[in-house]
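Let me give you the structure first, and then I'll get to my questions.
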Amino acid sequence: MTTPRTPFALLLTLALASNAFPKDAGKWVVGMSQCNLGEPWRVQMNADVRRAAAAHPELEVVFKDAQNDTLAQRAQIEEFVNSGVDLLIVSPKEAAPLTPPVAEAYRRGIPVIVLDRRVLGSDYTEFIGANNRLIGKAAGAWALRRLAELPAVRKGARARVVELQGLMTSIPAQDRGAGFHEALKGAPVDIVYTADMKWLEPQARLEMESALAVQPRIDLVFAHNDPGAHGAYLAAQAAGRERDIIFVGIDALAQEGQVYVRQGVLAATFEYPTGGREAVEDALKILRHESVEKEVTLRSRVFTPENVAGGGEWLR
Amino acid sequence: MPDKLLQLSNIGKRFGANRVLDSVSFDLFAGEVHVLAGENGAGKTTLIRILAGIYPEHEGTLELGGRIIRFRNPIEASRHGISVIHQELSLVDSMSVADNICLGREAARAGGLWLDRRAQLERVGALCARLDLRFSLEDLDRRAEQFPLSVKNRIEIAKALAGDARVIVMDEPTSALNHAEVERLFALIENLKGRGCGIIYITHKMEEIYRVADRITVLRDGRRVGTAAAAECPPPTLIRWMIGRDLAEQFAPPAGMPAAGPRAPRFVASHFTVPRPGPGRPPAVEDLSIAVGAGEIVGFAGLQGAGCSELFNGLFGAYGAVCGGRVEIDGEPVLPESPGASIRRGLAFLTGDRKGTGLVLGMSVERNVSLASLARMSPWGVLAPGLERSLAEHYVGALGIRLDSVGQETGALSGGNQQKVALAKWLATRPRVLLLEEPTRGVDVGAKHEIYRLLRSLAAEGLAILLISTELPELLGLCDRIVALHRGRVTGVFDRSAATPERVLAAAMGADSPEGN
Amino acid sequence: MRTLRRWIERPEGRALFALLFILAIGCVFNAHDAFFRWGTHRDMLRQVSVYGILACGMTLVIVTGGIDLSVGSVLGLCAVVFAQLSLHRGQPAVLAVPAVLAVGAAAGLASGAAVARFRIQPFIATLAMMVFARGLAKWLSGGEKVSRALQQPDGSFAYLDLPGAFERLDAKVWGGNVAVVTLVFLGCVALSWVVLTRLRYGRYLYATGGNEEAARLSGVPVRRAKLLAYGLSGVFSAVAGICQAAQEQQGDPEAGVSYELTAIAIAVIGGNSLAGGRGGVGLTLLGAMTIGYLEKILSINAVAESSRLMLTGAIILAAVLLQRRRVA
């Protein structure tokens, strides 16, 4: 078969050449491997990284989005390694399949910062993340305090709580739920309705409507994320019962959860920090050969109507 | 004394209640070409299929090289040295030429698992050289789909001969070949004869029959009419055998036919040409001119591949605006460009395949009847169901359609009634010119005559009717004029008084063609 | 009994039978009488309305023998555009709504042109539009939800008022007994019904799906009919996107993911044949209610997610098997 050979070779050379980054002297190139940009929270993470890096002209960040495909993220990490980045920041989709490429990068001498979701083992420079379990527990503790103030509960009735879960095959949802339940152990609280709303607002609304139809009295709704809490609020509002229910969510993005708190939709939302800014700052430290901690747990804030203007309140 | 390769004795075949072959005997000697001739439906294809092992159940015996055999499947037949080159090509487009030729007989190594490409190529190359098929080694490696139809024919032949067959059946092998290629095929046939093969050759074309045949056998209505050496069976005899003496005597115009009077031409086609898709292929219809007057019924007679169907499709605009020549309806020139435009100009076309292209079987009868007239019946785009129902009921009465209700699904009707629904659809468009392709196909005898009566009364009302039919009695009984087509060209025009079955069939087979191709 | 048999032989009868079957299940598993309260039914209708609007457009396309995989993505695209025009830029509904419908129509016509003019298979053509529209939605919205929180130049967020259109669409009328989006859904059903049964072009859709070549040779403008079907599907997707945005109070570029599968399921469970040429939007309405009730019953009984998925799959299969025509 006579295939045109010359253009093919030309294309191949161009492809290989374009994969290598132009190295300006004095500039550090950081690769950011994000598992997906479908969740607004991850969009926020990338935005935080971008904003933090903008303040440092000696840093250049290259973003790659794996669109929630494990194999694609693996390939993208390998691409970063092959093109010789100075540092790699990665937020992996899953731990096990992405541990080998991350470890490979680390062993080749590229510093690795793992953000938000873990890899297995310890072949990385630093892990930065928040602890979903602690956040869930804090939410549960806060909920208990608020529930104890309700007149019905003061008179001895058990509080009635609805839990709207995130996608329960994902670790964040499992951890948030587990923390919440841990805080509620032994307390006079019944979780009268539980449903998996898969992090989606319309689904949360559907489930809340069912809960409202079945339960005559609901005291508090705990949703694993703010869109879920908002969907539940809309359902309660349509039924005219929103004033009787306390709504609690997690994420506390400035344009979402915090706004809802300011508008009186949510009674409280718990920040799940992205860690983008911290990652960039620690990346600079690493590149300047300063030492950093191996495990960094980000602190979280709670936003309530009282403190939202002031930027929330740090937990513990 | 040459060997007798093949002896078929008293072969019979029935499909349900339908007897297709009745006690046919046929033999074949080494080194001869034995032509098998007959009209459509005479039973030729069925006989060949029995020989090829496609119909293991049949009456009669098959004797090959002295042994009586019954083939259980085509593979057995081919292993016994019988090779059939069908009309429909059986090549795999995406495979190479060499792979196609060796299909089913691949060269294999290591216990039959690994494909030995080189051995295959060499074997095929040797075969092609032996048959003078002019394929280079590079050609053999290219994919079959890259070659035009005529070359694919040659590949098909090579494939049939790759297994060292001794009995070779060729079914209309020249239908897509040009003059030079036909000559090469005939040279190949000589080559095969010289090597001791026997060839059964099926064709409609007079010029070919007398070019290649050593002997001719004619089938009619499933029976063998006669077998003779080519020299002892001149064309008139051949045609008489194909049609049958009794039929020729039976034909007579029915009483009470309206007298032919002077007519104004309603439909005129001048130098009409229908091209074939693809480069370098001869047109389906070439330079046809016909004028049909109001009240006239003109029939078109042609054998397979003559171009009758393509003519009507082209005139109706089914192919788009690709045809050459001029068409006029009632004096005003029209350009055949789309079915919708043709319907608006008063042209209607009943296709030959009602299930495939004539009716929407899933829709009700009344919706099928109104389908071609919707634009006229719904001026503001809104349907008028009452109007549709009464239209359908009118035609149910006029055509005698048997059904439960006009709301019934059309697929539930019998074939003959379905044909009437299709006819009703076109009559509902109030056409000026009616093109009918096989209007009585699959219709029982009673209904046939009803349709004939209807067509004559429509003609009497002033419609111009053009008709394709493969049933000679139908053409002869119905039409004022008959046009014979052969290979896309007009080979004969016969007035009612001058038309006889022999003449029409001869013209359709190309016998009277001035070129004698 | 014979009338019952005759009734079962019609597709509407079978669809109704499937729906009654599901309702019976609901009466048995009524979650402490929740199934007998009108609010539950009203909410079910609200929830299924967006899917039902998509299914109306899908029905038109299925009747022509095609399929439209892009309806979910076009919904997301239109939700984004509507939120941007109406919420962020404060355009009045009389301007925003027609603009969004035009966007949906354009997407539908593009798919239709690919199918009708360029003879691309509907599955492939609408798959391409599905991917393209989703990407366009994300690009227009910057990857974020177009919500009431609008980022100011100084980085803070202002909370915008909800436009009247949003409030009116998400409201309930007639004494709070019917959601407005349910009325929009029923309006779409009525419009589709008129097109399919009363208009000449509706007949063209059936003929094209039943036997395209026979239709073409009978003078049916097959290309234009297909363009109409896909174009209307795009318009319905836009309507669904507007309703979705109103109910979420935001334009989410991720809205509508996998909705096309639910729309197809609704059409098929109702009894429309994917081969084309038969069926109608009445069947779609019955299918929407069947699927809506199924989901609602599982929800009020707080059935676990894994069981829900398995039960839904099994019941869809059972409903379709119950519907099979005995071929004449």
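To keep things simple, chains are lettered A, B and C as they appear, and every chain counts its residues starting from 1.
Criterion: contacts are C-beta pairs under 8 Å (C-beta built on N, C-alpha and C of every residue); 3 or more make two chains touch, one makes a residue touch a chain.
For clarity, every value in this text was computed on a predicted model and none was experimentally measured.
Any chain touching chain B that also touches chain C would appear here, but none does.
Centrality by Cα centroid goes to chain C. With centres taken as mean Cα positions, chain C sits 49 Å from chain B. Between chain A and chain B, the centres computed from C-alpha atoms are 71 Å apart.
Chain geometry summary: the mean Cα position of chain A and that of chain C are 32 Å apart.
Per the touch definition, chain B reaches chain C in the complex via residues 316, 318, 338-340, 342-344, 349, 351, 356-363, 367, 371-372, 374-375, 378, 381-383, 409, 411-412, 425. Contacts from chain A toward chain C in the complex involve residues 37-38, 40, 43, 168, 193-196, 201-202, 205-207, 209-210, 212-214, 230-231, 234, 238-239, 254-256, 258-259, 262-263.
Touching chain A in their complex are the following residues of chain C: 31-32, 34, 37, 39-40, 43, 46-47, 143-145, 147-149, 151, 156-157, 159, 170, 172, 244, 247-249, 252, 254-255, 295-296, 299-300, 302, 304-305.
In the complex of the two chains, the chain C residues touching chain B come out as 197-204, 206-207, 210-211, 213-221, 277-278, 328.
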